[in-house]
Amino acid sequence: MAGNSFGKVFRITTFGESHGAAIGVIIDGCPPNIALDLDFIQYELDKRKPGQSKITTQRKESDTCQILSGVFEGKTTGTPIAIVIPNEDQKSKDYDHNKDTFRPSHADYTYQHKYGIRDHRGGGRSSARETAARVAAGAIAKLALKKVGIEVVAHVSSVGTIDAPHIDFTSVEDFEALRESNIVRCADPSTAKEMINLIDQIRKEGDTIGGKVSCIVKNCPVGLGEPVFDKLHADLGKAMLSINAVHGFDYGSGFDGSTMRGSEHNDIFEKNHLGDVITRTNFSGGIQGGISNGMDINFRVAFKPVATIMTNQQTVNKDGDAAEIKGKGRHDPCVVPRAVAIVEAMAALVIIDHYLRNNLYQ
Amino acid sequence: MAGNSFGKVFRITTFGESHGAAIGVIIDGCPPNIALDLDFIQYELDKRKPGQSKITTQRKESDTCQILSGVFEGKTTGTPIAIVIPNEDQKSKDYDHNKDTFRPSHADYTYQHKYGIRDHRGGGRSSARETAARVAAGAIAKLALKKVGIEVVAHVSSVGTIDAPHIDFTSVEDFEALRESNIVRCADPSTAKEMINLIDQIRKEGDTIGGKVSCIVKNCPVGLGEPVFDKLHADLGKAMLSINAVHGFDYGSGFDGSTMRGSEHNDIFEKNHLGDVITRTNFSGGIQGGISNGMDINFRVAFKPVATIMTNQQTVNKDGDAAEIKGKGRHDPCVVPRAVAIVEAMAALVIIDHYLRNNLYQ
Amino acid sequence: MAGNSFGKVFRITTFGESHGAAIGVIIDGCPPNIALDLDFIQYELDKRKPGQSKITTQRKESDTCQILSGVFEGKTTGTPIAIVIPNEDQKSKDYDHNKDTFRPSHADYTYQHKYGIRDHRGGGRSSARETAARVAAGAIAKLALKKVGIEVVAHVSSVGTIDAPHIDFTSVEDFEALRESNIVRCADPSTAKEMINLIDQIRKEGDTIGGKVSCIVKNCPVGLGEPVFDKLHADLGKAMLSINAVHGFDYGSGFDGSTMRGSEHNDIFEKNHLGDVITRTNFSGGIQGGISNGMDINFRVAFKPVATIMTNQQTVNKDGDAAEIKGKGRHDPCVVPRAVAIVEAMAALVIIDHYLRNNLYQ
Amino acid sequence: MAGNSFGKVFRITTFGESHGAAIGVIIDGCPPNIALDLDFIQYELDKRKPGQSKITTQRKESDTCQILSGVFEGKTTGTPIAIVIPNEDQKSKDYDHNKDTFRPSHADYTYQHKYGIRDHRGGGRSSARETAARVAAGAIAKLALKKVGIEVVAHVSSVGTIDAPHIDFTSVEDFEALRESNIVRCADPSTAKEMINLIDQIRKEGDTIGGKVSCIVKNCPVGLGEPVFDKLHADLGKAMLSINAVHGFDYGSGFDGSTMRGSEHNDIFEKNHLGDVITRTNFSGGIQGGISNGMDINFRVAFKPVATIMTNQQTVNKDGDAAEIKGKGRHDPCVVPRAVAIVEAMAALVIIDHYLRNNLYQ
């Protein structure tokens, strides 16, 4: 029983291998009458696409998407939206060494054993290329959320041990402008400079480095999230952990919260000057009992370093015998600058899905 | 669209409020012909039950379960297994203050707004009492896993800022014996002592403290986990984040992995003396590309401090007006000693579910 | 992957064997704030219960249900509703002959081969006793539908070759009064008399007879049903075919429609005196393109004769050797009088499920 | 919550409108290592395609499918298979009259009310063109079934009131040869002649006619079907009822069974000369208790007459005012000859899905 679908009401199913004809996605359950802004969808895809700066892979993919169905005269119709993104800049030869030998910390070994067959070119289905389809679907989720005033925004909050300071903001637009002012996509420009230098140096060494992405959901209404298993943060966690290279997720006080006392951690309710109930602090990360409470939702996603490095490594081949694998191909020294778009997409998909699920109670 | 079910093939649905007649669970999809060891199920429930030591809540519930269906002459039949656990030691009066006032960092506020009605006695459906049903189901999942040699074991790895050292072990039995040698359920007895002292002191202050549980899955075969969304660690993450009070999850190198370089993080494949392919290190946490690779699976779960403290707190009432809430009732100063059983149960449920899902490829 | 759940939003999971401790159901996704009229639930169960007249089985079960969760101060809370119906009048000894021998046209043989184990007492899980749980859940579905004005009503439209005439009605209450005026539950009293005589004669002969139930859904709004697979009539069909002994389903013009011409079959749209769009005829059975069109929904369900007869039959035993099975036990000579309640329950479950699913578009 | 997916393990999601860029399907859960015979897939599509004879619509679509993913070196890989079928012979102008006026017994009215928007060209999503995607997916299901020896075959068993006699056969190949010997796809050539004459006459009158398709599944092992809701015949019924224009489904003794007595209807078990347990008769249609018993599975599907007729009809427009709609476009006088391929496809999809679900018990 395969697992290529995500969401219950706004449900996506992705397909495609990195070196096949195309990748893509079907969205089933998108509400009708949403104006599809194609420029916006492309803008989102461009944030993820390869070759965008010196600190990303130099592969070139335009990632232009074709919408085959579900749209009539520029608006969604409530029927399935099929999106296809053709593959372009494939150098399948680069992966011949990969056919019978398993790259360390990649999915070659596990795919081979699970299915008894695999498309070894470029990682096939396990390639992060699949996430372009998620970003296209996430862009439509964002358009649906915009109609009801909900915004999702992320940035790179750490690269290696370089951490960005906590940034408070009210205007998502301003925050995005700061983030897009630099190629590492950190909303604190001076930290961004340090991060870029670090990635650039690591790239030159043929090595890679991990990092973290932090994400905020603004204007989420009270009530999203379904007890007891489909808690809002549980679905956000699953969504983030399903992204390639992610090794950790926390929200609100997160791992740090495990060292705190109840007396300092509890978020006191109070009425603000507009008469709205808010909490004085937000260690709950905008979610209580698995249900959004109207405060900003915040969470963090930890990415391991990219497994493909430019140095030779020991490994085994299909027969389990010792072998050596050469570092080659065009790869990212650090995924987080491009992962910002993916984190936002998956968050938008979770929020619209729960938004629609919660409609049932109203 | 509610969310009280978990799992696709070994699927559980829980029900019940803390001060209603009973809580319970239906398991649909348990394989037939598994001998149901009722003592083992009770043993698992006893690890979670209240009143077991001075550092847990003093409520008394025997948590005796009744199996209403799906078992014939001591064996599962492949039909739904219904388990009911009657509620016993309810002091509903203790929650009168909770009726119109929202306890800080509890789910009172969000449930009230989502549903427009709530059973306020003892937290109702949002009470951690619901997790007893998960432990009963998890015990049956463990029995199913035992038949195929897979073991799941967890312990308390931190309380507040007290961290247990990393413990390597091969015998799950020995590890459990160490863990059960102390009431905080840490497998390192000297750290356990410190933890118990800390919790006891915090309890006397009427306060609470957070902590972490670490879990290992041993002898998991290669191949569990379904790309791309139902990755094994994504489902483990969702399972853990669905437990009350959990604020974070990571696996393998986890959050620390985000600070590492690829050259140090990559797990080199090699053949061991038995001729099996293993990895020299295990930063992947036993999972690559979302699929188990045959190494130990390991992950960590971060719990926030319990929200109910024994001091008075400011809050708002149903009308949003300022109110005060008194600290009373019988509560845990720290949940992690009892949470060990819940983490193991949810992990067992994820593993058996993916084990059965993977059968399809064989 | 088991199949004991039905519905996507208003989702039920049933459990229990006929000679176990109890049968029951969990409803997950019932909207909050519905007043639970327990007398009404019992009234529905009484229509299905055994021993109600001379033409039904003489087993005695009070079918009293206990609600364990999901209800607070008489109203649903939006959390799972667990209902348990204890088994009472079991004569398990009556089924000893059934242990190693397969009754013709029962599920003994297929359960044994599928699971390798079965509770042979009274048919176990394959017993129609399971449908009592459906009727309890269906009663709550009906209460939810009543809040929005939708009514579901069925009656026995044929027994053997005795067919009731077509009955047009506007008042569901009047129709039900006619139906309940006789023990066969046919709304045409003179046909009912014939049916009762036939069943009584067949019962005396130790034989059984099939029949049909016809059902109407009144006041269903336009828009229920989800293209392309979850068409409203496709889900109604599946629901009906999942009832024990059902061998056929059709709706609107049904099987007869396959002999008609388009020019006579097309339902012409027109505006009625209230200004509403209606169709002049209703060969579409209230559903077009899988979506309700606002007209009465009508369908028919065909039941085969009960397999248990009071005469001896040839068969095989577990080893495949020839054996004889004796006719004994207490069984229905014809299921349709009791099946009316089950058909209504399953129809109500489909309609409330689609009603809630459709909310998402509003 | 939309409904464009079918199946739990071998799961398809279709997309596309009749006059959009393309239609298509994603299959998620196809087992790996199945050789994809593209000629066979095209052969199946050709049975359904328009313009194949004088008694079908004269539209011309080559229905050539492109496989975008999930296949490597001619074999399935266990990853999602995406299939796209471009639309070709569109005369969207033919549907201008359809924009603001509702065609009787079509889905125009219900789609407009459900979604508030619709692609009116050629019926959009409600067009039977969507079924080409099902046939492509069904062809792959058939290839998967062939590997385990299961065969699915259907033919036209009635047109209007012309019924084919019951045909017993052992060789599916021979049966298909007879069926393909005539353009109406009835395996009894002399009845076929009558049917063709009737359809041709009705076509000349600008009218349409209904009919029935009968289907057999051969060599289905014992054990497929999941109690209590996902009974094998319940899923077959839903599958068939989800096909455009279907108004009825029955299996085994079907509607006729409702007039029979238990003593004549019961299928006596016996051992055949090979030592296999069989039933002497097959009123059960190969399914008992919702689970296949190893005998041939047989069922029937009733199609209403096509709604588009070549004469003018009264109707209403968007405002509910009286209007007239002209008969034009290129349409089938009778759908059953082309529907044979769709019935087989949906049956194959149900059987492979349950075959894989049942693997879990083995």
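Order of writing sets the chain letters: A, B, C and D. Residues in each chain are counted from 1.
In the analysis below, a residue touches a chain if its C-beta (ideal position, glycine included) is under 8 Å from a C-beta of that chain, and two chains touch if they have at least 3 such contacts.
Please read these numbers as outputs of a predicted model, since none were measured by experiment.
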Selected interface, A-C versus A-D, where C-beta contact pairs are more numerous: A-D
Looking at CA centres, what chain is most distant from chain B? D
Where the CA atoms of chain A average out and where those of chain B average out, how many Å apart are those spots? 27
What whole-number Å value describes the gap between the mean CA coordinates of chain A and chain C? 46
Distance between the centres, which are taken as Cα means, of chain D and chain A, whole angstrom: 39
Residue numbers in chain C touching two or more further chains are 1-2, 4-5, 8-9, 14, 29, 32, 78-79, 114-116, 125, 227, 356, 360-361
Show which residues of chain B lie in contact with chain C when the two form their complex. 1-2, 4-5, 8-9, 11, 13-17, 20-24, 26, 28-29, 32-33, 66-70, 72, 75, 77-82, 84, 114-119, 124-125, 356
List the residues on chain B that touch chain A in their complex, please. 1-6, 8-9, 14, 102, 104-107, 109-111, 113-116, 125-126, 130, 158, 160-161, 202, 207-212, 222-223, 225-231, 233-235, 237-239, 241-242, 247-255, 257-263, 265-271, 275-277, 279, 283-285, 288-293, 302-309, 311, 313-316, 320-322, 357-358, 360-361
Mind pulling up the chain B residues that touch chain D in the complex? 1, 9, 29, 31-32, 78-79, 227, 356, 359-362
